[in-house]
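Following this line, the structures themselves.
Next come two complexes, and both contain chain A; in the first it sits with chain B, in the second with chain C.
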Partner chain A sequence: MKQTNKPSMSRVLRRRETFSAYLFLLPSLIFFIGFVIIPMVLCLYTSFFDSKLNANTPDVFVGFANYVELWRDPVFKKALVNTLVIVVVSVPTVAAFSLWVASAIYKMKDWMLSAFRCIFYLPVVTGSVAVTVVWKWMYNNYYGIFNYVLKGVGAIDNNINWLGNPSTALWCIIIILFTTSVGQPIVLYVSALGNVDASLVEAANVDGANNLQSFWKVKWPSIMPTTLYIIVITTINSFQCFALIQLLTSGGPNNATQTVMYYIYYTAFKLYRFGYGNAMGIILAIFIAVLSAFQFWLAKEK
Partner chain B sequence: MKKLLAVLLALAMVLSLAACGTKKEEPAPVAEPTSITLWTYPIGNWGDEASVKALTDAFTAETGVVVNVEYLSYTDGDDKVNTALTANQAPDLIMEGPERLVANWGAAGYMVDLSDLVDAEDRAQLNPAAFAACETADGKVYEYPLVMTAHCMGINYDAFVEAGADQYVDIENHTWTTEGFFKAVEALNAKFGDNVAAVYCGGQGGDQGTRAIVNNLYGGTFTSADHTSYTWDSAENVKAISELYNTKGITFDPAIVGGDEINLFRQGVLKMAFCWNIAQQLNTDNNDAGLTNDGQRIEFMSFPSETGASQLCGGIWGFGIFNNGDEAKIAAAKQFITYMCDSAHTAEAVKTANYFAVRSTAGGTDISNVWADNEIMNEYNVLMQYLGDYYQVTKGWAAARTAWWNMLQAVGAGTDVQTAVSQFAAEANAAAK
Partner chain C sequence: MATLQLKNIKKIYEGGVEAVHSFNLDIADKEFIVLVGPSGCGKSTTLRMIAGLEEISEGELYIGDKLVNEVEPKDRDIAMVFQSYALYPYMTVYENMSFALKLRHLPKDEIDQRVRWAAEVLDITKYLDRKPKALSGGQRQRVAIGRAIVREPKVFLMDEPLSNLDAKLRNQMRAEIIKLRKKVNTTFIYVTHDQTEAMTLGDRIVIMKDGWIMQIGTPQEVFDHPANIFVAGFIGMPQMNFFDGELAKNGEKYQLTVNGCPVEIGESLQQALKEKDVPSKKVIVGCRPEHIELSSADNALKATVDVSEMMGSEIHLHLNCEGKDIVIRVPSTKLSAEHRGGFEFGTDLKFAFPADLIHLFDPETENNLI
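Moving on to the complex of A and B:
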């Protein structure tokens, strides 16, 4: 009898446990469905409509017309290229710089390590508006500190309009993005490097490995999950670069700093073309998903 | 049994209805006071909570209608309103200009027609140009105007005197000619270097200033008279943009907007500002009214034109009502509009806005002398005769103004003026269709 009852008892227990687990998940699930899944579905749905801010005109189903228009829109193409430039430049530099800084500081005394962590993390916790205002002042064409210093040392004769010049504006944005992006990766790398099994490093050293070899052969594989996380997060953040653009350049000059995120905002909230804006959002999401999947695959292969 | 219960229930309901019918003599329950929401952009002190509260408290005391006010900024105010509209959470009342209330939300079917508030007497009293901007071609009134002004430009008069450029301005009438303007820039450039003026084009902030300088220099227009197309690709405008671009001392700057230009002007960096109006002239944030931060004298000026008589862009502000489907709230909102715009209280509402009234009489009260005690406002009145066409109600306005500053950015980046103007004007006209 005992033998026949056992499986049914465990099934009941399992069901109870599963039920409890789902109960614990429920609050997060409600938010996830309400603020992520439903908006995503609505975004996809609306992208097939000519949807405008108009109480008198119903949305008109246009199929893939918004997507076709996207590929004929020179501003969208420019925005996509700018976004890709930001991603391609930002992601490796942020990851490499963070790893370099973390490698240099993770063995320091506790108080020094904390001080460095605070310094590099400060731009992350400072409000983006405050950070942007300070940078805007530094880049100012008329009284900015960069022009003042460069003129002072004789490097330039005339002021450079950093944010007003199409050839410098995007790089100015990338520099700000870089300073606000490195804080979290440095903290993560410091933690990851501190958690590398010391016995493995010692064993490698005993076997005659130099510092570079023990880093590439032992530490680097150990911190690969952290690297992957940093790369994915930085990629997503770079794709979603918006606040800097809105506060500094509004996509100008001459669309030189136009990004997909800002163009989505502009199309939806300034031109009231919700359907077209949503189509752009879907394309951006596809780009992010594909790139993230590629990064995961690459990390797995390694 | 069930049938019996059903009969008893029905009887009970009938009796309760009959009982309700016999309670006529009992006092009716006290109705909740009607409350309405007002969202206001920072139009003078209509963006200041203490000033607005004084007005709304007085309105509540007289009518019993409670007004909940939310203050919008020009940076994200439109986004908030649009988000509210899509979520059916729009306020009852909104205070702004016809470019938003009429051309945008009115045209999109979200506003209540206020034509029942405007009788023949009102039409006779209201400034015709201001009222015309608030009324659609088919006679719908989506904004009841309260105040207006003419946007102008500001000059650092002390710097003009120092550079010998004061000879080119008629300071008594606050006018100058196109020829005088370019000679003044030349003199200021010789004296102070490159930063005489900036054709700011970083965004929409204060963009009426760049449109006004370009349109006035050689008599160009921004739109057709019937507001159906954009005409800024005319030969007059191309000539004006080319002249501005080729004049030493004037920079096409895509890194700044109107607010930045005003700051640079107040700091003494720029010697003239294309983004100026009476509110700026009265501003005392960093020094007394009419002075730069360093104490140099600021004079307001009409935009230069070949004859000296310019066409100034108007600023018109008033109230509109969003159609939220609640007739009681709509009625209360109309009551609010009448109280502020057409009653003995209008003078206070006008003074709070720091601009000029759109009418001389309101609710039988003469308000023509509302600024009699203010010397600067009185002097500024000289520009009101130059108030031009309010063309911001043209279809596709949001896209057209973006095309305008994108065009200026392209010119500033070295694109041929005719090419840039033609390309972006075509974009604007595509949006107007």
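Moving on to the complex of A and C:
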């Protein structure tokens, strides 16, 4: 008799089950195709046109002109560099900080663990507008708490215009992004560390490993899938940093906080150059895809 | 020297739960000690305290002459085989076995030599490049043991290492451990809930219950002279049968009756009772299933057959003796041809105790009277 790994179900039953499965999937599939796939295809299509998305001015096919213009646009280059700085700084910092916090709290008593998780997760669940308004107040040039405290302890003589100064503005954005990004990785790491097989750690201790060695040799490989997920989602979130910029600086001063995402919004919805904006979107998507693929490859190699 | 001394060791968990009470044991160099008992008796906790994986709440633990209560596991010079094997899943068998040696910065040649020696001893050389997930349960078990023996530790700890294996493999590995012990020749402490493993492996057995030591002795001692009803019931398969009896001192002689039938007491037991000056009292009489004999004597005890299990070379008879369930083992060769396949349900039988092979326990303290 022929052996198969599949459950021995008749073809009719299997077809019926597949049909039911697709029926259950249908609402999400319609939503996914209508609001993700079609816009993505339209985005790619429009990026080859000089499009105003206006019934009175027809789209004009321009080929790769939008893409060529991108590489000559100093604002886009600046936005791309700023976005990469945000990604390069925030991704490892968020991953390392959340791992550090999770390592410190995951063995605590339940109520303490819950309290810490709540504290770090609060900025995630609080509306980004509310969080940003509070930060805007803290960074304020005249009555912000940072200037107040730093002046109080004598660290500075004159108020610093945190968001108005090109050398500090981007770092201020990165700090806010950091505080709103660490919540989920901490929760994920706490769970991952709690799931590391305790007998492996004990075996390493008996084998002669100190805490650091048992962390790198036993815990770290065990939490690698979680690390990969955290790095990928933080990378994507950092690339797509938009709300903070819009609410705090609108890309200023002098494009010091200009990011690709904000520049796409500005080009498309302020200048009504949808074709050009979509070309930027495609470039951003390629960057995210390539970087994520590289991260997956790296994790697999390790 | 790898002697161990456990002095009044206690384990008290948060909330005051005492898992191990005043554990005292001296272990000689190169001795094979087995801690055995039912689940929750504190045997694994004791082993983990020796390993340094659990804090010792009270008492002192010496390895050699050194007090090691506050010494980290890595500095105790012990190796441990875990119940779950605890092989590092991301390392090959070779890397698993060499991990501890690398941490000790041994020369590469020596590491290689030791790993290959251990692999040869355990017959796992051909799996050295494999990851643990590509091995069977028995092979993983060997790797776990290999990882421990390459260390050449002072003390070898094993926490129920065979419990995840099937019965056939368990028997095979048990024999392997006996052979391994001769090759490794160091102090072993072995935890198990399986009395067969305890009896076959240990030089001495420590039988535990609810955190207390019930008896320490050689396999022969604990089998022949169980300290109390728990040990008597725990060691031996099927377990010892117990009957309510009446012990009467009649001048120089003791007389025993069970269910109104007189039971003969052997000379050595008579002597021991006399020396201890045991008064007339109610007792619990214990007799192992393999020692009870079918009898046709008039004053033998009566029972009816509930279940008859044909085991091949012998028959296990589950009998009902005045409302009490008892088991006896009867070699097939001692039965007539008609009964070699077993007995019918409800068959009336009579049985007797051999005079020297009964055990008498105090019903109140449950301790052996002798």
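Just so we're on the same page, the second predicted complex is superposed on the first by the 290 of 302 C-alpha atoms of A that agree within 3 Å, B and C clash if a C-alpha of one lies under 4 Å from a C-alpha of the other, contacts with A are read in each partner's own complex, and residues count from 1 in each chain.
To be clear about the criterion, a residue touches a chain if its C-beta (ideal position, glycine included) is under 8 Å from a C-beta of that chain, and two chains touch if they have at least 3 such contacts.
Remember, it's a predicted structure, so these values are computed and weren't measured experimentally.
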| item | value |
| --- | --- |
| Fit-or-clash call for chain B and chain C when the two complexes are aligned on chain A | fit |
| Chain B versus chain C, judged by how many residues of chain A each one touches | B |
| First (chain B), second (chain C), both or neither touched by A:A203 | second |
| First (chain B), second (chain C), both or neither touched by A:F269 | first |
| Which of chain B and chain C A:L53 touches, first, second, both or neither | first |
| First (chain B), second (chain C), both or neither touched by A:V218 | second |
| Contacts of A:S28 with chain B and chain C, given as first, second, both or neither | neither |
| Angular separation of chain B and chain C about chain A, which is computed from CA centres of the superposed model and rounded to the nearest 10 ° | 150 |
| Smallest separation in angstrom, by C-alpha atoms, between chain B and chain C in the superposition | 52 |
| Common ground on chain A, meaning residues reached by chain C in one complex and by chain B in the other | none |
| Interface residues, chain B side, partner chain A - complex | 78-79, 82, 85-86, 108-110, 194-195, 201-203, 251, 253-256, 264, 267, 269, 323, 398-399, 402, 405-406, 409-410, 412-413, 415 |
| Contact set on chain A toward chain C in their complex | 197, 199-200, 202-210, 213, 217-218, 221 |
| Footprint of chain B on chain A - complex, ascending | 52-57, 139-143, 158, 161-164, 166, 249-250, 252-255, 266, 269-272, 274 |
| Residue ranges of chain C touching chain A (in the complex, touch as defined) | 51-53, 72-74, 78-80, 82-84, 86-90, 99-100, 103-104, 147, 151 |
